[in-house]
Amino acid sequence: MSYNLFGKLFRFMTWGESHGPAIGCVIDGAPPRISLTEADIQYFLDQRRPGQSRHTTQRQEADQVKIMSGVFEGRTTGTPISLIIDNTDARSKDYGDIAHKFRPGHADYTYQMKYGLRDYRGGGRSSARETAMRVAAGAVARKILPSGISIKAGVVQIGPHKINRDQLDWDSVYDNPFFCPDPSVIEAWAEFLDQKRKEGSSVGAVVECVISGAPAGLGAPVYAKIEADLAAAMIGINAVKGIEFGAGFDVVNHPGEETVDEMRAGEDNDPVFQSNHAGGILGGITTGQDIVLRVAFKPTSSLLTPRKTITDSGENTEIVTKGRHDPCVGLRGTPVVEAMAACVLADHLLLHKAQCQ
Amino acid sequence: MSYNLFGKLFRFMTWGESHGPAIGCVIDGAPPRISLTEADIQYFLDQRRPGQSRHTTQRQEADQVKIMSGVFEGRTTGTPISLIIDNTDARSKDYGDIAHKFRPGHADYTYQMKYGLRDYRGGGRSSARETAMRVAAGAVARKILPSGISIKAGVVQIGPHKINRDQLDWDSVYDNPFFCPDPSVIEAWAEFLDQKRKEGSSVGAVVECVISGAPAGLGAPVYAKIEADLAAAMIGINAVKGIEFGAGFDVVNHPGEETVDEMRAGEDNDPVFQSNHAGGILGGITTGQDIVLRVAFKPTSSLLTPRKTITDSGENTEIVTKGRHDPCVGLRGTPVVEAMAACVLADHLLLHKAQCQ
Amino acid sequence: MSYNLFGKLFRFMTWGESHGPAIGCVIDGAPPRISLTEADIQYFLDQRRPGQSRHTTQRQEADQVKIMSGVFEGRTTGTPISLIIDNTDARSKDYGDIAHKFRPGHADYTYQMKYGLRDYRGGGRSSARETAMRVAAGAVARKILPSGISIKAGVVQIGPHKINRDQLDWDSVYDNPFFCPDPSVIEAWAEFLDQKRKEGSSVGAVVECVISGAPAGLGAPVYAKIEADLAAAMIGINAVKGIEFGAGFDVVNHPGEETVDEMRAGEDNDPVFQSNHAGGILGGITTGQDIVLRVAFKPTSSLLTPRKTITDSGENTEIVTKGRHDPCVGLRGTPVVEAMAACVLADHLLLHKAQCQ
Amino acid sequence: MSYNLFGKLFRFMTWGESHGPAIGCVIDGAPPRISLTEADIQYFLDQRRPGQSRHTTQRQEADQVKIMSGVFEGRTTGTPISLIIDNTDARSKDYGDIAHKFRPGHADYTYQMKYGLRDYRGGGRSSARETAMRVAAGAVARKILPSGISIKAGVVQIGPHKINRDQLDWDSVYDNPFFCPDPSVIEAWAEFLDQKRKEGSSVGAVVECVISGAPAGLGAPVYAKIEADLAAAMIGINAVKGIEFGAGFDVVNHPGEETVDEMRAGEDNDPVFQSNHAGGILGGITTGQDIVLRVAFKPTSSLLTPRKTITDSGENTEIVTKGRHDPCVGLRGTPVVEAMAACVLADHLLLHKAQCQ
């Protein structure tokens, strides 16, 4: 419901700072008797793990997850599942620069204004390191989902460069360092990103997510519409500035005759939708079609190019953010988008079961 | 937290169907000793009221609100504020057509799949009529906000026609039937919408909302970021298919050097931001700048042009949605966007007070 | 979760003051397709209705409930069920005395201290009139419970006079004005209460509640133990000062060998418990035995005997509470205890279904 | 709100099993800038620590708490505070007996029925070991409370032996192994408990808690009355079977004239209550008097005397619970009662600040 807690029935609370001893999450509400091992979770953490190519941060974290509770003899017990990842590469170093300068585009200034103090080491709580625990929670969420549901996300635009939708191959996403579902653009993207990295610049990205196999009827009116919960989950990921479903913002450019998704009778009385402008959701509830959403990640705000800012005593200065950063946070955002989608679906599956089954 | 309940501390539950005897909401958590009259709420309801121009639905609803509890001698008592609006123009008529045909683009099919039955009269609970209570709740929320906070929304695009941002005049929004902040486009928009209405078509719209005067420090990491709560609130409005903050989706087209908002020292140690690509929020917390967001409304799915659909017994058919509908739901969505912004801000003001003041 | 909202999945928010135009509640989360009529609810409201004997308040309220939403063609739709009862006997009268004097034993002083103002008319929001809506919500909750579950409550002690447990007959509770399950004490109790009423005094009562037929496995560790939720629900009823389960406070007087409930193998592998000191709950989860609890109601604080108090300007004075009051609020508390038990069980049934089925 | 999460604004989620690698909690919502060290928490954990006298379990746990997040340079940051205690004395041993036999009076059978499996080692999640984290959370809660608030709890009855209220000395509670506020009964209680331990028996206890210095106005109608939240918090402690406030169950034996607490004008317009039968709460809101409550702990269900039970395959058997157990769990329950009182108060202080200040 709030703060550091996600979800209504499938719920988890995350904790930890970028440079503290560890990060963790506690998952409450997972059904009992589900087989769960650390390897199940590690598989997804490894997808998000830093340092796997020159295009992501060179921070080296094993991101080795430990299950601390809630699993007995390989199965969930229905009690809280506590997960911990030690921070092994939180280098002890001089934080003098960012200790007193607000990095523009980061949450340094806003945390200071809200709390009157901040853990400036690596961004503290506002660091995207927290998203590792979202991926861990998402791995548990996936175990709850029926096997027929698949969740795929990929980068469909990086800077101004879009994929060619004729070349879409979702299975190729984890075969390239860009989490890109179009193998034909990989070379050009690599060149583009190398160039930007050399310039000390950074770039944004659009990540698309497609959830297939979700049954019709998931979701809820009025203030827990499944698209509202997905929107909150995605917009809450670090650096995300927008989200759209189905036809999205482009829906405005078309008349209603084109944007309603007509239906024809199919087998077993199930309808066959003639299109999917709605992105698989009508009135907060799934139609049974693919749920389709896109999120926009801004460029990393950590830049080697000096930027103007002020100190915490209000003086003008400049800042260069050295250190190990992702030039395009949207890349490693891909497994996070998938994870949050899994969490929202798991939550709504439990909610639906409670009220309607 | 869920279902038909909005908010964490400033909370309200809405109820009612399009063609039931009334709609209502119960607001819990409003501070005591705030002056509140029915006129305070009616003022905003009148902005959303149908039938005020040829460009919106011809349904005639007085939408007269009654305060049933929580106010004593003109002031709030701190106990639940119950608001009711009678449905006066819910015409008794033959619903035979929509009773058994699923209107494409509407929630008919999804409600049927979720609940196994549905109140088909006027869309029942899924009708945008529910948004009247959001406007009512928003009117109460505004009374909680400090007077320095202003919330303005307006239609900045209708179909493919955008406003001219050089002509922006937020004060003119309620002077024209399009809730448009650019007086220079009114004539062209009227012509466009008349044309579409004659064609039995419908159009989408983009509504922009600017919140000025909010202090730095509102919001919360990690799962109650103020942009996540705003996103859920807006995406939950009927017909909304996307939301973006600040530079939004366009942020992807620019390098990080351009998209971080640099800071310079200002008076009283407050920073002067050199730009506002972030839309007034960093890391889930307000910067003190204007909060800027845009939402995309799809075209009304109620069309006079026949569309293919199926019946609830699974047979192919066509449907024409007669009746009194908005050709562009985005127009009357404008006061709803403002109201939801007010509700999210009020909620976060209370949350901030609880933890940090 | 808070304030004026009850429950986690089966949730309702109540509103209204003793002397406002009406009271009401909105129930969110009830499953769809359940048959529900006003008569289903009225049946239980009539049990709590005032003015039915000389032993309860002479206020005359029809307490006629209206269903305003959430029911279509006699069945629940899964959307919020709004219920309203008009206040028909809220006499317009001079409230001068209680407007400025704090009635001792009532919430006048505490509401004033919390909110800085109060609706003094009949106690405003703190009046036990609110419990009518608990009974209404409980009636809906009962429709959700499997037919095998029965909930019976009755007054087992009034002032110092206890029932004879050898004479227990739960079916007789609604046949006498004392909601008493022991017909043999009715005469003596009538005499006792007549005497107390003549003296301008009031008396307390203990209400016992027995829930039979609940399956084993309902409830949840650690902060939603079913006994904790029952305790909160019961202690929250006006005038309740204590609750105990099973052997209750007397458990302290016995050694562990006596207070554990031994088990023997029964049919179908179900255990046969040899006793029920636990009151049907172990570790927050039901055992399948009867759930047994007792709550203590204090004597009505509205007295014809003058009591010392102060005015809201801090001066010493005395007060006599005329008007129409229950000399023993515990009596009409009986249907309220049953209702709250039904609400807690319905909530936990949905929670159990969500996680474990 | 549910499951393993406590609280509304001051919230914490606990995790961990009796014989897992560790137990922990995550506290969300604590205000920023509060000085907090591990020693602040350890002080209270040491009060509850086992093995400190022959009258409590001989399990040896250092119960050394580690702060994993949320504190920076000795002060809270406003982000989640993660606390961990390693389980150091979870002996590797043969659990064969309790693995397949349900211990009567324990939650073995109910967990099995709810979840279909259970971590039987030391009771798993249902072990009172979880209460260590309540004490830890309570230590943080105390840091939020104004210094004028004091919370004292003590054992006022053990088996049938009550303290002499003329000898009450709350400051002596932690000077004796019985957490008893009456030094005059220590010898007799020691003899009684030694005897019971020799017999392989166990005894119950009543713990009283007195909260002084809480301001008038804390709490909330209707479903978050402060006594309801206290009741849920206390009843949720392992082995608690009842709770009462102020005069409690005895209130039934007195007429209303005696049980209302009369008021006289005091200094600064504050009233002087002439008695405190209400236990410091009226209508869910504090009066400013001492909050007084009593909870009944049942005797430990782990007994050296054989008890009848069944196996998980439904066969009759007997069980003797060897191992290291408290003969009177109510003793070490005392710091837990204090801790839960602190948590409820901290939560209501934040809630009050949000709405009313």
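Read from first to last, the chains carry the letters A, B, C and D; within each, the first residue is number 1.
Methods note: contacts are C-beta pairs under 8 Å (C-beta built on N, C-alpha and C of every residue); 3 or more make two chains touch, one makes a residue touch a chain.
These figures come from a predicted structure and were not determined experimentally.
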| said: Please identify which of A-D, B-D or C-D repeats the interface of B-C; the criterion is that more than half of the contact pairs agree. | reply: A-D
| Centroid-based (C-alpha) most distant chain relative to chain D | B
| request: Quick one: report the Å distance separating chain A from chain B, using the average Cα coordinate of each chain. | output: 26
| Interchain centroid distance [CA atoms averaged], chain A/chain C, Å | 46
| task | Let me have the rounded angstrom distance from the C-alpha centre of chain A over to the C-alpha centre of chain D, please. | result | 39
| note | Residues in chain A with touches to at least two other chains are numbered 1-5, 14, 29, 32, 78-79, 114-116, 125, 221, 351, 356
| said: With touch defined as at the start, can you tell me which chain A residues reach chain D in the complex? | reply: 1-5, 11, 13-17, 20-24, 26, 28-29, 32-33, 68-70, 72-73, 75, 77-82, 114-119, 124-125
| chain C to chain A touching residues, read off their complex | 1, 9, 29-32, 78-79, 221, 350-351, 353-357
| query | Contact residues on chain B for chain A in the complex? | reply | 1-6, 8, 14, 102, 104-107, 109-111, 113-116, 125-126, 130, 157-160, 196, 199, 201-206, 216-225, 227-229, 231-236, 238, 241-249, 251-257, 259-265, 269, 271, 274, 277-279, 281-288, 296-301, 303, 305, 307-310, 313-316, 351-352, 356
